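Next come two complexes, and both contain chain A; in the first it sits with chain B, in the second with chain C.
Coming up: the complex of A and B.
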């Protein structure tokens, strides 16, 4: 499932990023049970994942599925009950000092950076935290702050920034040492549209241009679909699907057609043949035809042609990642391991 | 590798100083209190019988006040290290920055301790100088400044770091434990006072005080700065053996307690949860 991208940046602290090197991230039978008194909750069941260098993995799941626990076990912030985590070949439990040099992280639900300190101070601090000299950190901090549009306000305390700006500083702090592996736990949560777009563009750049290995958790599935090479869906601590994004979507492609027309259909929507359904999709209209009925397809196309509707595309319908995700997490496991509705296997992995 | 570790260590020291500087107003507000504490307490300590008889002679005595300074300054460092490290750690937990700091390659106990110890030392020197100046305005302080005082001074720091790590380890697990923190400080303060001739204490108290982190260091400082006694005697109050063994024991216990607390917090998944 490797994308074949180059791995770590030459200036990176990690030295293991060569084609012969071990996988960027390896989870082997990783599990976590939280125990409090007599009660216990299994947050993560035995999870095995191998992420090659340069791959972007979307870790998706409903609230409480175990995504954040996995991210924190990756960073050595939560101790697994069983199993191991290796980053760039280094065991997080036994070789922590080397392992943590491989990663930068934006963690969900925390500030990530010091609000009383300025953006500049934060970046210098987090750079030196991993042992980089100030002379090496400063040019990179300058570049990051400039590119994120924070340079002019670099000496103001982060506490005075907007939420979006604070999150940008958190992203910059995670990147300051140019780590080859980046953990992003809900990086766009709570951001307005513009700030979320900036952060998303940055993640895309990190993946496509800088060749970073990224583990991304988000509830914004369009973000995950756009950025991820691979999707792992977690439900109740168990990975129920782990496939390249395109393969996951194609597996759930349906035997139906989708016609896209520019602009609204107007009155034409009411006179479509029975079984066809029209719905707006941004500045376009999407007409869905069930059952792969080619006769119905031709009939609808004839109606559209006669009404001079501007046709954009005709394709086999592909569900969005959101639809696939909901289908997966809502599927009830059947007695033989398949799902009750037969829509998908309980566990889907690359074969 | 060593260079990187030193850079990371220096980074924590710098951060500690940065936050200490941001709390400068607090110290400036506290400073007169420290001076007032000594000036007001000086005439009372060791005069219990006079207090009971209602005949306190309210006058400042140079010898008593000098002894108080020798006892008070080490305790100031202890306070700066233990209390402020507790609150700083708690604020890191609340803010969630602790999890980012834990991504440092340095041992986490070292990160926590280094982030405070130099700042605590600087703050103590500032407070000590200020207190000295305030108290000197009322009564002369006569101290014998000599190099022999350096070893107990260092041991005060070692013990302070050790106790602060014990408190920090407990904080990682139980979070808001300021009452325990305050109780520890009070106990250390009271028992260390038995190292100097300020108050009369029962025998069991004097024996027990040797197990407290500051007692023998204060005793050694007293010998070095206020008496002509040798500071190289191995045993007895302020003797070399307890002077070295007790603080180093506290440091070892601190590292152990911190690692234990960290281990529990990581197992529970509560490292960054308040």
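Coming up: the complex of A and C.
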């Protein structure tokens, strides 16, 4: 499941056999069981994952799959029942003081910052919380608030801001010490379209321009598909897929053709052979053929030409991340412990 | 891709770093207090009116100044302790539900440093409220106190005792969110048995013994002894000061240990955020 990189503490690099820098994030056999009275709930099973520096990992899964527990174990906010977490080579359990300075986090379903305090006060507080002195924090706070368009209102209580502005402050607080690893648990939840777009653009910038290592959980799969270099799908506390985004999608590419024509559906359905399916896709119509038969493809193209349907593209059908995700989480476990419906293939991980 | 250099410099001194982190926590507490300053003023007024009402009731409709001289230190101690407990507990509960308690844990600060910073902020609020009440009541009623150095140690220990009580309540809140309601009962017990209504010295023996376990009660007794002009040695020889030292130290230690243990337990149970 993991790339199996050997991690070494930066201080011990000189004596290490291989002077390889530690991965940004290293989860080794990580698991969590919550006790609930006399019963117990396994939130995360043995999870092993290695994230190199600068990679954006989308952690996807249905509600209760264990995403938030993993994020919180990464930050040392939940103690694992077994396994270890290393951030930049630092063991979160044993070298917590060093490990937590590697990360900034925006956590799900919470304010993350102090609403009675102003944005300025919050950023100074969170900067100093990581051990920085005020003189170092202030210029960065000024830059972040200016970039987020909050500078003019920096002395107003965060509680008076809109939900989108509050989330911007939470993101800024996570970034105030410029940590190399960012944990984002549902960062766009509850935001309107415009605010979600702003936060999403920021995440993209952090990843592409600033080279941050980001672990992102979200139910907005188009956001995950757009931002993530790699996708890990979690179901019932277990990673059932862990692949680069493009590879995950290509593995689920179907052996059938997809034709796109401009304009609405109109009378296209009448010219399609049985088994073909047409559906609107924005301002286009998407035609899915039943299989990869090239003769059939040419025949359909001829019919479309005869019907004066303006052809846009012909390609092998590729499902969206949402379709892949649904296939994976809805797949039944197979007899060999893998999954059926092709999902067993993706339980292998990137090498 | 190799690891980027850490932007956060290594601290030269662990103790120095912890002191800075504790002062950051204290500054945050004071800022939050400032943002709800109107509630602080209301609290001071209500405490003052409650005290005057009780004093009038005890005095049969009159303010008995010699009695007030003995009960005012208990009021001030009660104010420090109750503010520490209520705001300490309320602050932790609010942080759990608001998600900021988790954010505060993403820090190199030790739990000890963080909670001591919190307590320092509570001390500022409690002492500021007590100071205003003391000045107003002493000037209004022309109360006469023999202030001298011997009273300093009992006064200091009384404040620390009250804050330690607040610390323990705040520490319990990490795991028992409903502790807030019980805190009001504890505060009432301090009000009744801490010497705010009548001096502890006039309690029946059984109640006086019971009162010795109440936060701030021993401190108020020692304070009244020294403010009456007796030397500090008198509080030692009558056993008040030694018991006060023990009481304060134990309460402080129990509060600190409870906080650290409960933060650890909350991490095990995922209880740093709303359960």
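We take it that the second predicted complex is superposed on the first by the 317 of 351 C-alpha atoms of A that agree within 3 Å, B and C clash if a C-alpha of one lies under 4 Å from a C-alpha of the other, contacts with A are read in each partner's own complex, and residues count from 1 in each chain.
Going forward, a contact is a pair of C-beta atoms (placed from the backbone, for glycine too) under 8 Å apart; a residue touches a chain by one contact, two chains touch by 3 or more.
A quick note: this is a predicted structure, and the numbers were derived from the prediction, not measured.
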Checklist entry - Based on the superposition on chain A, does the combination of chain B and chain C result in a clash or a fit? => result clash
Next on the checklist: One more residue to check, A:178. First (chain B), second (chain C), both or neither?
Outcome noted: second
Checklist entry - After lining up the shared chain so the two structures overlap, which partner does A:54 touch, if you call chain B first and chain C second: first, second, both or neither? => result second
Checklist entry - Which partner does A:103 reach: the first (chain B), the second (chain C), both, or neither? => result both
Next on the checklist: Quick check for you: in the superposed arrangement, does A:89 touch first (chain B), second (chain C), both or neither?
Outcome noted: second
Checklist entry - Taking the superposition as given, does A:211 touch the first partner, chain B, the second, chain C, both, or neither? => result second
Next on the checklist: Let me test your reading of the model: by the given contact rule, A:38 touches which partner, first (chain B), second (chain C), both or neither?
Outcome noted: neither
Item to check | chain A: partner with more touched residues, chain B or chain C | outcome: C
Checklist outcome for this item: Intersected contact list for chain A, partners chain B and chain C 34, 69, 72, 75-79, 96-98, 100-101, 103-105, 107, 109-117, 121, 125-126, 128-133, 173
Item to check | In the complex, chain A residues that touch chain C | outcome: 10, 21-22, 24, 34-35, 52-54, 69, 72, 75-79, 88-89, 96-98, 100-105, 107, 109-117, 121, 125-126, 128-133, 157, 173, 177-180, 211
Next on the checklist: Looking at the complex, which residues from chain B come into contact with chain A?
Outcome noted: 3-5, 7-8, 10-11, 14-15, 18-19, 22, 95-97, 99-105, 263, 266-269, 271-272
Checklist entry - In their shared complex, at which residues does chain A touch chain B? => result 32, 34, 36, 43, 69, 72, 75-79, 96-98, 100-101, 103-105, 107, 109-117, 121, 125-126, 128-133, 173
Next on the checklist: Which residues of chain C touch chain A once you look at their complex with the stated criterion?
Outcome noted: 1-4, 6-8, 11, 17, 20-21, 24, 27-28, 31-32, 35-36, 98-100, 102-109, 264, 267-270, 272-274
